[in-house]
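Chains here go by letter, A, B and C, matching the order in which they are written, and residues are numbered from 1 within each.
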Amino acid sequence: MIWNTNLRWRLPVACLLLEVALIALFGVFVRYDMDADPHWVQEKVIKNLSTDLENEFYYRYPSFQDVHVMIFVGFGFLMTFLQRYGYSSVGFNFLAAFGIQWALLMQGWLQSFDGRYILVDLENLINADFCVGSVCVAFGAVLGKVSPVQLLIMTLFQVTLFSINEYILLNLLEVKDSGGSMTIHAFGAYFGLTVAWILYRPNLHLSKERQSSTYHSDLFAMIGTLFLWMYWPSFNSAISNHGDAQHRAAINTYCSLAACVLTSVALSSALHRKGKLDMVHIQNATLAGGVGLGTVAELMVLPFGSLIIGFVCGIVSTLGFVYLTPFLESRLHIQDTCGVHNLHGIPGIIGGIAGAVTASIANIDLYGEEGLAYAFGIERSKLNWSPNMQGRFQAAGLFVSLAMALVGGVIVGVILRLPFWGQAPDENCFEDAVYWEIPKEPKSTALRSEDSSIKPPEP
Amino acid sequence: MIWNTNLRWRLPVACLLLEVALIALFGVFVRYDMDADPHWVQEKVIKNLSTDLENEFYYRYPSFQDVHVMIFVGFGFLMTFLQRYGYSSVGFNFLAAFGIQWALLMQGWLQSFDGRYILVDLENLINADFCVGSVCVAFGAVLGKVSPVQLLIMTLFQVTLFSINEYILLNLLEVKDSGGSMTIHAFGAYFGLTVAWILYRPNLHLSKERQSSTYHSDLFAMIGTLFLWMYWPSFNSAISNHGDAQHRAAINTYCSLAACVLTSVALSSALHRKGKLDMVHIQNATLAGGVGLGTVAELMVLPFGSLIIGFVCGIVSTLGFVYLTPFLESRLHIQDTCGVHNLHGIPGIIGGIAGAVTASIANIDLYGEEGLAYAFGIERSKLNWSPNMQGRFQAAGLFVSLAMALVGGVIVGVILRLPFWGQAPDENCFEDAVYWEIPKEPKSTALRSEDSSIKPPEP
Amino acid sequence: MIWNTNLRWRLPVACLLLEVALIALFGVFVRYDMDADPHWVQEKVIKNLSTDLENEFYYRYPSFQDVHVMIFVGFGFLMTFLQRYGYSSVGFNFLAAFGIQWALLMQGWLQSFDGRYILVDLENLINADFCVGSVCVAFGAVLGKVSPVQLLIMTLFQVTLFSINEYILLNLLEVKDSGGSMTIHAFGAYFGLTVAWILYRPNLHLSKERQSSTYHSDLFAMIGTLFLWMYWPSFNSAISNHGDAQHRAAINTYCSLAACVLTSVALSSALHRKGKLDMVHIQNATLAGGVGLGTVAELMVLPFGSLIIGFVCGIVSTLGFVYLTPFLESRLHIQDTCGVHNLHGIPGIIGGIAGAVTASIANIDLYGEEGLAYAFGIERSKLNWSPNMQGRFQAAGLFVSLAMALVGGVIVGVILRLPFWGQAPDENCFEDAVYWEIPKEPKSTALRSEDSSIKPPEP
């Protein structure tokens, strides 16, 4: 197929129309929550708060900034491993800036609406970043094969579906999922994989040569990996309850990720005939422990439980890269560019299951009476709450997320198959030059290390 | 002209003399503010503070570190886009370390002097970083054309002028400018552009080939862009009032920057004949929304107002890169290496104007009575304060900043034109090898991917 | 010598066995400290804490994340300066993930053991990162010459010795060392140098060509440098006392590092015959001010004292790179790949001495009565405490650290000399391809900047 990849009018019009619509909706609906409103000075007196520090800002701001780095530098640079797709990886990932605005509205209407206005504070910003994180995950599955216009359309729909799914899980099923194993990772991965399945390109081998990395592109990708890895404790604790829950979530995630590095390295070496390590595994599988811990992060999984989850995720994820990704492509016709199935899909499911198990064995010995009530929000409405029931709702949440992802992915995939979104032909996939002005390489690729090229200075 | 670029004695002597002078001045003048002094243990009792958290450290430390990253990684890597000037971009930008020490003194004398000592706490460090941020902006205008000795001299003078201008704005005119649209960005940009104008090099085309980027240098620059973009909410909120003001400034900046990405992408594509994106715009114009929001960040501009500012800044900035930068060079003889006029100059003016307008429509409905007093510091002295008056003072602040920048830029430019500062001749501009020992490129530029080069291991 | 570098079974088995052992030990020993336990809800009531913010999490979380970045991105990327060893630099440094788990146990048994369980909170995570920081320092000395299996063994032993040394210094000698000049930097450097001495390779010149950098590898290394430099204030203040001590440690470190940049630049230029700067110095010596301030960070060294320490460290460190490193290699047969002796060794000793001096001149004028008691923990047990005595204990701490490093380094070095750990032969040192699957370079190294390679789109 020959498509027109000149986006001169489609991309600008899409961006400007969306932004104008967002401004109008923000004008009608979005106001500051009390903690960000000048009336907070009075509120402090009314609520008898002893200090400005009680403003939600100080509880969550460091975590917010870390999450922000994960979304834009973490995901953006993780995808720069492709040799000729670095501009698109960080540049199109930057379009997540559209997603966070739309997420503020969608999540706002569903969760922060006071009947007239959406009242936003820092927690809304974190949740918007989380929501867009699931778009970044899905983007990994279709990386190199979609145009920025398609990405904007996918973002529009995925944010909408994410918000609905999240509402079902958190508000109706009342599941725990502070780090989003189910809502962010499993949902994002299976949504993206379904889209990739619909967009299957049988002749993608025509751009096979560009699907690999170069030495330096792999180093750029490690910037993404490390910022994701280091800040994941913030990701999983960012919207946990104040106090011990945030603290515990950070410790658990730290442990899980540390274990995951060891098993990823072990499996990567064991699966290579000469025992060599593969950058793909180090860049991705080392992060699976953070995904797998997303649901249980603030629960009483104990440090050794976190290690076990990380241990398992590192193994399963590396195995997935070696055996499952080729299988998905050849048998199921799912071309998963970044292997999100291994990093977000399976570990997300592991996380969901771990959450169901951990919740179902919650008890007063472990949490204390008040601690249990606080952790699961029992006092609110759930008089007949039991750990067992919580566990079953957790499992239900996982299934709902997967179902939403598959159904939504099919619909969005079909829309994206329409031939006028500026997608590249098979032989030009994974190539920045399709959508970017590329600099000419200097004639001499080597920098002149001698001063010969430099006019001699005065003596 | 032939200049001597061997800095063997000039650079070391300049660095060592400056540092010795700084040490002497710090010895005479600089002490810890109460929050950083061991006597704080007693102060806590006297002030009846319930917790150590009331120490200013905990209100501002996360923002401080984010700002610190913006100055050194953000600005440093943003300028690495040039193909042969990466060492100088991050390395000379690192000389901002001189600027922060001098700024601690200058700002200290003007704002933290107790008659005998300058009392420093974390807020001073943030303000010193801010001050040096304006030097980094100006550096962008002259990048590639000045020696590190010239940069030190420019820093010395610019920090001095910045501090005086800031004192006039914040203490005499009592304007709001928490994110420094006027004091940092507009001042820094027009100061730097004026210096660039005085240092005009008619034969700069001789090093034209090195004024472009390479594929990987553009990726390095994106590291700078993203850290600036992500941490800008910290920049604009770092020295805001505790509580709702810091919170609001972060939300507003987040919104503005998100909108700015969309319009930058739109314009970049629309202005290319094949609809392709230009890395220069993505690296720079996407940040204009942060600059434009600097003055109003903590005011009641509302989320949709922030989006509008970001929307406008992204458009204006991208247009500037396409049409204004070539015009400035060809007609006004201003060679603006990084296009700081588009990223900091015009958006800084937009920010100043937005501040004047927003301040002049402040009212009790929007802020509440106490909120209004707190936001504008009315209780202090200003009995006859009115929003209208505030607006006019804001506008005056913008004009003062521009006037200081132009006059100061001319003076400093004339000093820097003296022929003995080690500047490079026109044909060697934008070239690291002038000031840096450059590694020899390996003979085979391609890494050997086969094991052929590796001694075979035992079987 | 011919060694077998195929790690197919050794590396996986080592990783998996270690991780299984860690999980078992965590299961038996590690639980949450009260601040991270759900019972904290009750504890708050018992301790009459007014707010959730009194949870230790909020005092230390931002510093923790900054330290985490320093260990994994800072040290990891700092070592990517080698032209063909970038994967190993960031990848093997990532194995610090093993070290932090083992450190949680070792430091836990010695310092957080309640008789039955190790109770971990955020401070334990910071301390584990600190401990592993000393391993990263030692890794710098042997970089390029050891296999990942050797690195795991070194980590196992060094973490053990570090924990014992730290226990002696902090708990028995009760020295101040908040930023670890002695426990982390001097110990890590001399441990690593001793190991490098034992592992001396007389024919290392066979891989001489790969011991230098390339243009882009030096830029990657600057990412490491800058994140270390920017976050060092967090490093030195992360475990200081709440309140003024943390605040003061951050200010002092900021000042010291700023001064250090100036003197590093000065000496780098002065020591080059053409006055050119050397990236090695800018990447490393600029950080020496943070190392040198580690012991005194929270003491009353005053800002100008911090500047002096930074001033001296920058000079000494740069001189070390120019004169001492070649001397160590040729005369003492110590091959110090990254020059850790100059960045961590000597500045660590300077820091230890500065600590002894600063402690011995502590007095009530400077600290106030309560401040002095709080700063040195006098109330606890030390009725006959005197500044002079503290100074002598500080000096003793430095000697103990050096002795432990030398003895431990010899033992570990001898173990690592055994021929079956998969180390590379001399001619293959500093080469990623020994342990990593390396991507094939694209046939045309230059990216095609023209669209010629792209199928023409429809008109």
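By our rule, a contact is a pair of C-beta atoms (placed from the backbone, for glycine too) under 8 Å apart; a residue touches a chain by one contact, two chains touch by 3 or more.
Owing to the predicted nature of the structure, the values given are computational and were not obtained by experimental measurement.
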Field rot_deg for pair chain A/chain C, CA superposition, rounded to the nearest 5 degrees, holds 120
Residue numbers at the chain A-chain B contact, same meaning over half shared and different meaning under half, come out as different
Rounded to the nearest Å, the gap separating the Cα centres of chain A and chain B is 31
Residue numbers in chain B touching two or more further chains are 6, 50-51, 53, 58, 62, 215-216, 223, 438-441, 445, 447
Touching chain A in the complex, chain B uses residues 2-6, 50-51, 53-54, 58-59, 62-63, 66, 83-84, 209-210, 212-216, 218-219, 222-223, 226-227, 229-231, 233-234, 242-248, 250-251, 254-255, 257-263, 265-267, 269-270, 272-279, 282, 286, 300, 302-304, 307-308, 311, 366-368, 370-372, 374-375, 425, 427-428, 431-434, 438-441, 445, 447
The residues of chain A that touch chain B in their complex are 6-16, 18-19, 22-24, 26-27, 30-32, 35-42, 44, 50-53, 55-58, 61-62, 64-65, 68-69, 72-73, 76-77, 80, 86-87, 90-91, 94-95, 97-98, 100-101, 104, 120-122, 125, 148, 215-216, 220, 223, 435-442, 445-449, 451, 453-455, 457-458
